[in-house]
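Both complexes below contain chain A, partnered by chain B and then by chain C.
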Partner chain A sequence: MFRYLVRRFLQMIMVFIATTFIVYSLMYWTGGDPIQALAGEKPVSDLQRAQLVEKYGLDQPFLQRYWNYLSDLLQWPPNFGTTLTGRSINDILSDAWPVTMQLATIAILFTIIFGITAGVIAGIRRGSIFDNSTLVLTLLVIGIPSVVLAPLSQYLFTIQWKIFPTTASGVGGWERWSDPSLWFELLLPGIVLGSLSVATAMRLTRASVSENLRADFVRTARSKGMPGRRVIGIHVLRNSLIPIVTFLGVELGSLMAGAIVTEGVFNVPGVGYQLNRALKTEDTPLVIGIVSVLVIVFLVANLIVDLLYAVLDPRIRYE
Partner chain B sequence: MQVRRLAAWAALPLAVTLGLSACGKSGGSDSGSANPNGVVSIGIAEPKHLIPSNTAETSGSQVLAALFAPLVDFDEANKPFEVAAQEISTTDNKTWTIKLKDGWTFHNGEPVTADSYINAWNYAAYGPNAQDNNYFFDKVEGYKDLNPADANTKPTATALTGLKKVDDKTFTVTLNAPFSEFKALLGYTAFYPLPNAAFESATASPLVLAKSYEDAPIGNGPFKIKGSWQHDAQVEVEKYDAFAGTKPTIGGALFKIYQNSDAEYADLQANNLDVVKQIPTASLSTATGDLGDRYQTSPASTLQVLAFPTFDKRFEKPEVRKAISMAIDREEIANKVFQGSQKAAYSFVSPVVAGYRDKTCGAACEFNPTEAKKQYEAAGGPKSLNITYNTDGGHQEWVDATCNQLKANLGVECVGTPEPKFADLLTKVKAKKDVGMFRMGWVMDYPSMENYLGPLYSTGGSSNYYGYSNPTFDNLLKEGSAAATQDEAIKKYQEAEDILAKDMPVLPLRFGQNVFGHSTNVKDVHIDLFNRVDLNKIQIAG
Partner chain C sequence: MTDIHVTSGAAGPTGSGRHLLEVKDLYVEFHTRDGVARVINGVSYHLDPGETLAVLGESGSGKSVTAQAIMGILDMPPAKIPSGKILYKGQDLLTMSEEQRRQVRGKEISMIFQDALSALNPVFPVGWQISETLRTRAGLSRKDALKRAVELMDLVKIPAAKARVKDYPHQFSGGMRQRVMIAMSLAMEPKVLIADEPTTALDVTVQAQIMDLLGDLRRDMNMGLILITHDLGVVADVADRIAVMYAGRIVEHADVRSVYKHPAHPYTEGLLDSIPRLDSKGTELATIKGLPPNLMRPPTGCAFHPRCKYAKAVCTTETPLSLDLGHGRTSACHFAKEMLDGTLR
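Our next item is the complex of A and B:
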């Protein structure tokens, strides 16, 4: 186990350096002129340009710039630098991440509660009315992209029927985790975000449960006279969870990436919101900073998923 | 967005009834009559900076307009009148004496003195500070010494020689050349004063701005900041009790920060937000239904034109340019493509400046396809045209529409040529590459006719990309800048504008409009020349 972890950790470092390098070079070669982007359509004076070039080291060769960036990043605490408007990226990230994590928590809980429960019921009662109606419903939800679902639900649930607040407000940061008003503001965006994965989670669970119900070990358990609840609760569910945990792990990673559309529509000051703004204003340092952290989040999420396999299925061992 | 619009249509009857019932129970605040302590919420984007000399966009200047009081403001006729200044006088338009009103203080209690202005302006004009509004000071004597031509050399001076303190409340500004519109220039964000507390040391040279100043700017205005600037969330301001000027009729303002204008508009629809300064284009078609008479428009300072590279043989003759102008139906594009969010333009200066006259362009801007074709053929206009535009500003639709009109009315080929950025377009024009006609936009820096003429059309003007040069025009501008009174100056500028109508280096197409909306909680919402909500006029609805 320990050796496995060390190996994974070394792999993660390699992947991290490779991905940041790719992102950095992509932003560098396609980024256009960041100084002109900052000034909009107004002309930039030569002096202003010279100042900004010096401040951000834009005249240094590419590898030198990447090396500077990486060495700032690999110290402790990491220094992500400043945006083109002079704000500390560390501050922006530490405000945005907690909000996105809050949103992702709501979304993933929603997915687990609705998706998996409905999937289990549909799997047990295959062919029933419940099974067929949820099938149609999930097809419908899968078919609606979030660019439609988010504004539509905002219009219906916040403007027409004033059930939820229209947009999230205020700053992010860890201290707001204990603030019930922010949880409430994030409820509708969280559900919108989660409903997209509910459908997939349900279909996966259903297939997995109905397959396991026909497995040999279930027949054995039943013939031994084990009560039905115990058969499903212990034997079927535990074995059915493996594909679902994989799915949820990857899903959690992409939820952390910030839902650009949903966060934009509901004005949630999370990672997707910042990423969108950074791309719009061509704020290269901010884009790279956000993506670097995203890479780490994905790597960690994948590691946790792999470790969970061993917990769920004793046959899987890591050496 | 398509579906969103559909949904909005379907819900329109309901929204109207909601709006009506909301009128019935209006007066959402606790008291029955107009509430002088009420707080108004206004949607903005995240400001780039909150430093007067570094704030050139409307979100930041909206916040600064609450925190600072300008030397001059503009009346109904868009002429400047004194606010923080007691008197601004000159005898030769070159040396201006500015006398400040007594009893004015910054929010930290510091008195506003001549030094507050001199320090702020020196900081702004000092090249290495790289302030966005640096160029506003290029007319002041000594600017060149602070901004050497070679960007990598150190400036030889740290203060403008043109700024001289007379006494605590008086200072003089000496310009490089006479400029009659200098008073109007002083109304801009760049000319606010800064307290000593804004600098690490107020006696240092060059001045260094305190790092924390921007988090909670201290100004001399009717409102002071409450707490600090909460990035990506909000900035809140409250009434400054010791304000010596005209007291506002509201207790404070909450500037809510949105990244997405659709989210901002949704909050207005839900009555959570009081003012949206610019309604997103996607919602324009339904906004009248959503808001009723709370949907409003007012003239803005922007001007969209179609420019000609006059050095290009094909567009040399003014007759060709005029014929193209006559073949464009401006009204149709303004109404169909922009849904009334922009207005057809028949003059070269915007209606928001003093001296504006309607239809100065005359017959050459009237839509007249038959005459256009006749003149175009007589003048030997080119068989194929193209319009270069930048793709990042939503210009494709109107460029295509314009091309279609030219195709139909002149019988020529016409295509739009996209460039990724406006800067790319300008680089090509500057290098005299073949771009054909190209789009240009202009946002006013200061409310004066001169600002729509000098930089754009004078020989060697800072934004004269068309190679237009007319000595008579240049002379008229010079005479205007040296004129003894504003009225005389305007007369000269109007004569200069008439020359443009004859030469047509560009075709005026459209003026911008502020398309704004407000909630049922507020009334008397006005958007000023600089696209800011006028906080002195807005009131809580009774």
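Our next item is the complex of A and C:
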């Protein structure tokens, strides 16, 4: 187990370095002129240009610049540098991450509560009206991209029926976790964000439950005289959870990253929103900073999933 | 024909001596998209305490389905029981409510399955699974139930039971897993144990050990044991009586000794002939030609006639009823008497 953890940790470091390198070089080769991007439409004099080149180290060779960036990142606390407009990226991230996590929490809870419940019911009553109607509904949800679903639900639920606030406030940081009204304003974006996961979780749970219902150990549990609710609630569900937990873990990672559209539509000041803005303004340091953190989130989520897998399924042991 | 009278199924004293378990003229059919398969067609057998009944037959003969009908674990639908009775201590299980039946399952009548690896839940420790009924049904505390689980594992001779009680099924060998299965089925001290091919998935040496264990437990706990198998070699030492099934019917029912000595049905004879013997070395092993019938479209008359080497004209048109041959022995063959006499050609 310890050896496995060490190996995984070393792999994570390598993946991290490789992905940041790819992102860094992509931004470097496609980014255009960062000084002009900084100045906007104003002309830049040669003196100013020279000063800025000196300040940001733009005259250094590519690998040197990447190394400078990486070594800043690998210290503790990591230093992400500043945006082109001079703001500390650390500040932006520490404001944006709690918002995105809050949004992802709502989405994942929504997924767990509705996706798994509906999936279990559909799995038990295969071929019933409930099963067929949820199947159609999930197909519909999977088929609608979030660029359609987000504005549509925003129009319906916030403008037409005025149930939820139209946009989220600009409050960032961990303080907003203790404010119920700020949770409420993220409820609709969270549900929109989670709807795709709900559909997938439901499908997965349904398949897993109906497969396990036919398993021999279910017949054994029944022949032991276990009541139906215990057979399903303990014997079937415990086995069905193995693929579901795996899915949820990976999904939590992508929910945090995949909120660009949803955060954009609802003006949620989270990571997706900042990433969207950084890409539009060609703010290379901010893009790389955000992507680096996303990579770490993904890697950690995957590690946790793999470890949970061994906890849930005793047949799996890591050497 | 004066000394032979026809009964509706296998013989057995009725009215006077009540049996522990009695299956009476049971019919089971499966309703599928392709049609109705009549898998059990009037099966009757009985079981007394401390007795072993071996139910013998090929796959698809209905031996497991009968057992599942007794347990009440048939999936209905597609299965349907149009008629018949299953009496346990004189009470018909088929007319009971689901809740009453559940109380019988595992506590009065218990069952072990062929493949213990898939029959045990892979994600729970064996001790947890053995003690589950004790915790949820007998009201034992977690600690006491686990202690009892260790005792049960000792009873079925699992070495180092105390150390292994928290192990998972996949950490045991095949034979040990089947012992876990047996320990689990004994937790509530049932009166009837149904063993559905308990040794089929095991090595030959382990098979003998498991059969011995089942025989000992049956005697010590005075249980009735229904042993379902397709292996005649397995039953010879353990069983008291044998019921041979073919196409959802009991074709022969007799005590073990008589069956081995003089089979009264051509199918039983075929089964006996296909056991390899030491003295038949070098000769080709006898087999029963053909395949078991399709139960969607069973043959007319005797279901066995297409494969029977003695088949006569009457066999293709008339379904033979169970003939009582005396001493609790029955055979569903038109020529059962001739078979016993050795005059059938």
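Everything below uses one rule, namely that the second predicted complex is superposed on the first by the 315 of 319 C-alpha atoms of A that agree within 3 Å, B and C clash if a C-alpha of one lies under 4 Å from a C-alpha of the other, contacts with A are read in each partner's own complex, and residues count from 1 in each chain.
Heads up, the rule we're going with is that a contact is a pair of C-beta atoms (placed from the backbone, for glycine too) under 8 Å apart; a residue touches a chain by one contact, two chains touch by 3 or more.
All values derive from a computational prediction rather than experimental measurement.
Steric overlap between chain B and chain C is absent once the structures are superposed on chain A; the two fit side by side. In the superposition on chain A, A:Arg238 makes contact with chain C only, not with chain B. Of the two partner chains, chain C is the only one that A:Pro314 touches; chain B does not reach it. Number of chain A residues touched is higher for B, counting chain B against chain C. Legend: residue contacts after superposition of the two complexes on their common chain; A:Thr166 is shown touching chain B, with no touch to chain C. Of the two partner chains placed by the overlay, only chain B lies in contact with A:Asn276; chain C stays clear of it. Touch criterion not met for A:Gly115: it reaches neither chain B nor chain C. Put simply, the three-chain overlay gives an angle of 160° at chain A, taking C-alpha centres for chain B and chain C and rounding to the nearest 10. Once the two complexes are overlaid on the shared chain, A:Pro189 sits clear of chain B and of chain C alike. Of the two partner chains placed around the shared chain by superposition, chain C is the only one that A:Arg230 touches, whereas chain B remains out of contact.
Of the two partner chains placed by superposition, only chain C is touched by A:Arg219; chain B is not. Put simply, chain B and chain C get as close as 45 Å, counting only Cα atoms, in the superposed view. If you check the complex, the residues on chain A that touch chain C are 215-217, 219-227, 230, 235, 238-239, 242, 312-315.
By the touch criterion given at the top, residues 71, 73, 102-107, 110-111, 113, 115, 118-125, 132-133, 136-137, 168, 170, 181, 184, 188 of chain C touch chain A in their complex. Partner chain A is touched in their complex by these residues of chain B: 3-4, 7-8, 11, 14-15, 18, 46, 48-49, 56-57, 127-132, 134-135, 147-149, 151-152, 230-234, 256, 258-260, 262-264, 266-267, 269-270, 272, 393, 420-423, 426, 441, 462-463.
Only residues 32-33, 36-43, 45-52, 55, 85-87, 91-92, 95, 148, 151-152, 154-156, 158-160, 162, 165-167, 169-172, 264-267, 269, 273-274, 276-277 of chain A touch chain B when the two sit together in their complex.
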